[in-house]
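As written, the chains take the letters A, B, C and D, and residue 1 is the first residue of each chain.
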Amino acid sequence: IKGDRKAPFTVGWANIYSVPTWMKQTEGTITDEVATLKKAGLVKDLMITDAQGNAQTQIQQIQSMIDANLDAIIVEAGSSTALNRVIADACTKGIAVINFDSLVDTDKLTAKINTDSNEWGSRAATWLVDQLHGKGKIVIMNGPAGVSVSDDRRKGAQPVLAANPGIEVITETNTEYNVAPAQEAMTSLLFAHPDIDGVLSLGGALSAGSVMAFDRQGRAQVPTTGENARQFLELWKAKKLKGWATMQPNWLGALSVYTAVKALQGQDVPAFIKVPLPVIDDSTIDGYLAKAKDFPADGYIYSSYDQALFDKLLAQH
Amino acid sequence: MDGTTPLVEARGISKGFFGNPVLKAVDIALHPGRIHALLGENGAGKSTLINLLSGALQPDGGDIRVDGKPVTRLTPQGARAAGVAVVQQELSLAAELSIAENIGLGAAPRRFGLLDYRALRDRAAAASALVGLTEPLEMPVGDLPLGRRQMVEIAKALFREPRVLILDEPTSSLSAHEAGVLSGLVRTLAARGVAVLYISHRLNEVQALCDYVTVLKDGVVTADRSLADVSAEGLVRLMVGRDPGDMFPAFKPAAAGEHLIRVDGFSAGAVYDVAFSARAGEIVGIGGLIGQGQEDFLLGLYGAIPAVASSAAICGVGHLLAGVGAATAAGLAYVPADRKKEGLVLPHTIAANLMLPSLGRLMRHGLRDRRGEAALVADLARQLAIRGDTGRPVQALSGGNQQKVALAKWLPLGPRVLLLNDPTRGVDVGTKREIYLMLRAFADAGKLILLLSSDTPELVHLCDRVAVFREGRVVATLAHGNASEEAIVGAAMGLATKELAA
Amino acid sequence: MKAASISRGLLRNPPLITLALVALVWIVAGLSLRGFAAVGHLRYILELSAIIGIVAAGQTLVILVGGIDLSVGAVITVTAILLPLISPDWDPTGLLGVVLTLAIAAVIGLANAMGQVFLKVPAIIMTLAMATFLQGLLVLIAGGSAVSVTNEAVIWLGSARPFGVPAGIIVWIAVAAAVLTAIHRRPFGARLLALGANPLAARLSGVDVSRTTFAVYALAGLFSGLAGLLVLGMNRQGYVGIGDPYLMTSIAAVVLGGTSILGGRGSYAGTIPGAILLVTTTALITVVNASPGWRSIMFGSLILALLLISGREAQR
Amino acid sequence: MTPSASPSGSLYFAIQRRRNRGLGGLYLVVAAFLVVYGVLFPGLLSVGGFSKFSQNWFPLALVTMAQALLMLNGGISLAIGPLVSLGGVVAAITMGGPAGAFGGLLAVVVAGLVIGALTGLIVAYMRLPAIIVTLAGSFIITGVALLLLPRPGGSIPDWLSQALAGQQPTAFALLVLVLCAWKLFLATPLGIGVYAVGDNPVGAFRSGVPVERVRVVSFAVSGLLAALAGLFVAAQTGSGDPVIGTSFTLNSIAGAVLGGVGFLGGKGTMRGAIAGSLLLSVMINVMFFLGFPPVAQYVAQGVIIVGAVAIPEFAGRWRKA
């Protein structure tokens, strides 16, 4: 895709499901970015599809984007394998395909953009092991089964846990990345296990559910890892717990659009753009909470971004 | 006896449901070429007996013999293999399938494992021709009116080329003409050596058609004899065990009451441009061949299907009734012909069915008055001689008793106009008489009764006048004296209407 | 003889069987699992059951009348997200917001009924389309502004425990009493059942089909809304998808309770233990340490086993 | 007396024509959408464009058939989606191995038939409501798929992917083939039995239709169709995914009901169901080419679904009036 196509470009965002708040926020960063690029005369139009959670529909919609001969397709994948062939088709047509957040297995596309899920798991586990001084009983909260992000984060934590035999994993849960099911599951576990020393929660709003379960059952809070969900950060502060969080910044979406345009303009972009994990701990949480009112109550407070950051990320090799 | 081996025979057969015996040591033998009547009051166990003979139910005791040899466990397939075919009442049809497919269902000719539609067409057409079924064979059965479906059911039995043909009340939804076709057919089959078992509550039919009779009463055989020398009265005596008395109450001309129904230019469904009026105290018969718009006429008046009229006054309301709610409020009640589909909520209890139209009338402190309802239900059950626990599901009642429930449920509302669609279908003579008496009493009490009936004698003996429908119009109105069976049938067939019109 | 017939009667009473099953599962689990039989835990199970139970109250009515409501999950989500947005600041009790939200939920139910009555669209299609429609609405309203629950009434619902009984359970008891009365002691219930078992016969007997349909679906919307407020109170935060789990569970609770999915037969009395049974099963699976695949298999098998014991349906 | 309408004409085709009754409205709606789509995307008329479009429709058409078959005989399945996933998973883990493509196909067929038949046995002989048996089944099947393939992976031979989901309209040809097979099935005593059992089980039993066997066979065939849809999805995507099928469950019901298949059994036609699934599928493409944003996509989808049922209903009423 070396400069065959001329600006202004038409960009498609093939979203797997646009209803969740994280997606809404991401869509916000994408439309902002598109507005900026429009002003620069680089982007003509943005088309958004919503596959309503159905990977099969997403294939169909990407196919339509190919049929409509868009210049770039941004993909939030509904399955790590299902889109491989249709994405390859798009690339052979000279369309720039950028995949972010939920990644596909194939390498036959322009670029993949993400934080490192393995690293996420291992750093969260490391923090928790440190907090417990290598000894204690923990519960692991995972996202839904069969989803690669959830799986990768769990895999990343495994070597750390294995290296610390003092840490006993009492049990694990698999739920949607939501508060209510997490709270329900954790409450059941609290009754079954009088002694839980730490919660290794691997994303989404799971941690908030866990903290609320402890609170409602009158149990003392334990060290808990999590993601940048506003509710978790606020509970963290309010309940004065020992917390640690990282994030999947919503501006991965904006970065994807930017990358697509750069690629279309003929710039070399890395095949995998690794976005360093921003970490939230006691030292930085206040900064995030200060911005809280700009974010939805059930949303994610992400770190700030600008073009300089994007350029720096694109420059890595 | 006549010496031949019975084709099918039951010996000492018994059957009960949930511990209640329905048949007790019943014997019956079906001989080739004989038209055998099975009589009994509603609930006597007739349907149960044929379900046993056709393998749909398993007996508790006794045995069933085919060609003299006992069979251990008779299934529907086994019975069919033995040449037994049963005509249920519209029960075994699938609405979405075509007439031909229904006729062939479960016994269709095959080629290479597939239905052979060509052979099916020929054979189904032959069977249909026998019963006078003229509708296209590809028509879905669901589009047929009830009476025609009954003919399909009969054709379905004939299709199986039975040695033993069992007919359970085949004529109850047929008009006189169609019943005539059927009688001829049964005679032809019998002459060919088919054994026929014929169940009917129309005794004149039985007398005209059958050679032999078995009478069931309370699950035991009370008579098993030739019909050669039995009169109609004798038949009734065999069934109910006492003197029958007159079937119909003495006719009394209606005193001219106020007009309760007056419509002009009335159209609804298959009814076009009908002018009709009727007064309080009248019994007005509605006759004609099956499916000429009679039912739509009643439904239209009842507000159950969309209707238009150039002018209308019904029970003091100056226009057509907008819906069933408005109709019941105005004092109309409708008793449908197809009690199973339209009249009753079969899986619910007798009590619940009886209470349905009058819900909300007996209330205490905003709640249903259980005791009041129980008293009302008990009262209704007594009035119509519905015996036994009213907490049973209504589908556990025999057909005739179901009919009583469908009628009785309206009584608490005290309707002024009763729209009755074949109210005595499948009802035994005793009950029929009770219903006739009731209708007479209603009329005397100043109610208006529109009586749609396929049982022509009813029209002749009960009604002040009879409106005969043909192709959606009233082709004749016959006053009591002029309305003979011949006149009604003649008008219905479109013969010489003018001369007969009163 | 008499005793035998009574026990046979019990065996044919689906609500009682389901209740007995709950007791059985609780006893077995209580004896074999640490912490299960703690009062607090059982109370928590009931508290969670209250949500399903309230949603399933509407679902029971809808299924009894021969329909099905696939929009309950979406209605829960919509109420949970809408409440903070429409609770006026000047009302310290929060009751006005609650009433407004419930009214909206009921109106959604009414719209479901309208499609069926006026457009003759089957319940499943109408409510499915409504769910889709509400998803679109959520894309518009969700995540738009920074709101979290400050509504006192809802917070009370989610956390108060008068006399040690969680508010949710009290609400459930009230709903149960009302629904059971409506089904068994009001004409409404009898009409509903008749309509579900044989719509044609019911209509010809003077049952007002449209009015009953409107009432039933409005109640279903209302109860879903109520459940939405309860979920909101317990989680302090509404989010998109919060109602999703309640769609299938509400239907499952109804059927486990012995109500016929075809309509016309059953009672809310069975749905109540049905809801408890489902929550208990989920809780049991949570504390077992197994891979996600095995958990899923265990959950399905448990439901099937419970069904084998309770839900025998003498079909037609 | 000539009783049948057309003693000379073929009864079979006369019946087939009758079955279109009441579907005219839906056919019109679907045709309108296809025309709009063709205008917006003329490439639809090229072989490649048509192939791609029919590939995306094909699995939905298969699962809608699977669902409609069950609904016709009075059942329903909430396990269609998980079965699709399982079919894909089985294909993806066997075809790469020593079993080869043929062994894999066999494994998928067996899995679909056996699981379907088991479900049918439980429903038919234990007299349990299909909806909740299959709800439980959906968890069990999902669990099995997750055990076999905990995360997306496995592989389908590339030639198979190319053959089934390449630039040729193989999927459409297969659909035609499946439809022919359905016609053949309907012409067997068991096939006719599906309608009879769905409409009137007691009557069907008395007519000598083996009611239980019909139910079990329906569930087995339905399971087979769903599993084959899974195989196709796996071929289309080149791999297996243990949760990819989830949304097929509701979509299959929606397609069938849109197509006029009733819930109580015995009412509806397969052609209607197929048309319903086609509407669901083409709707997605049309909305894309019209440039609808997600909000409008949801709203329009709701409106189209309701409209597709309501408009024919009204058209019918007007025609009568």
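Heads up, the rule we're going with is that a residue touches a chain if its C-beta (ideal position, glycine included) is under 8 Å from a C-beta of that chain, and two chains touch if they have at least 3 such contacts.
Since the structure is predicted, the reported quantities are computational estimates derived from the model, not experimental observations.
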C-D or B-C - the one linked by more C-beta pairs in contact: C-D
Between chain B and chain C, centroid-to-centroid distance (C-alpha), Å: 44
Length of the line joining the C-alpha centres of chain C and chain D, rounded to whole Å: 30
Mean-CA-position distance for chain D and chain B (Å): 42
Euclidean distance of C-alpha centroids - chain A vs chain B, Å: 71
Where chain A touches two or more other chains, by residue: 18, 52, 145-146
Multi-chain contact sites of chain C, meaning residues that touch two or more partners: 135, 139, 292-293, 295-296
Per-residue multi-chain contacts in chain D, two or more chains: 145-146, 150, 202, 294, 297-298
Chain-to-chain touches, reported pairwise for every pair that qualifies: A-C, A-D, B-C, B-D, C-D
Touching residues on chain C, where the partner in the complex is chain B: 181, 185-187, 190-191, 193-194, 197-198, 200-208, 264-265
Residue ranges of chain D in contact with chain A within the complex: 41, 43, 49, 52-53, 56, 59-60, 145-146, 150-153, 161, 165, 233, 236-244, 246-248, 251, 281, 284-285, 288-289, 291, 293-294, 297-298
Contacting residues of chain D [partner chain B, same complex]: 1, 3-7, 10-12, 14-15, 17-18, 184, 187-189, 192-193, 195-196, 198-200, 202-209, 266-268, 321
Chain D-touching residues of chain C, taken from the complex the two chains share: 70, 115, 119-122, 124-126, 128-130, 132-133, 135-137, 139-140, 248, 251-252, 255-256, 260-262, 291-301, 303-304, 307-308, 311-316
Contact set on chain A toward chain C in their complex: 18-21, 24-25, 52, 145-146, 170-174, 176, 178-181, 183-185, 187-189, 191-194, 205, 208-209, 212, 216-217, 231, 292-299
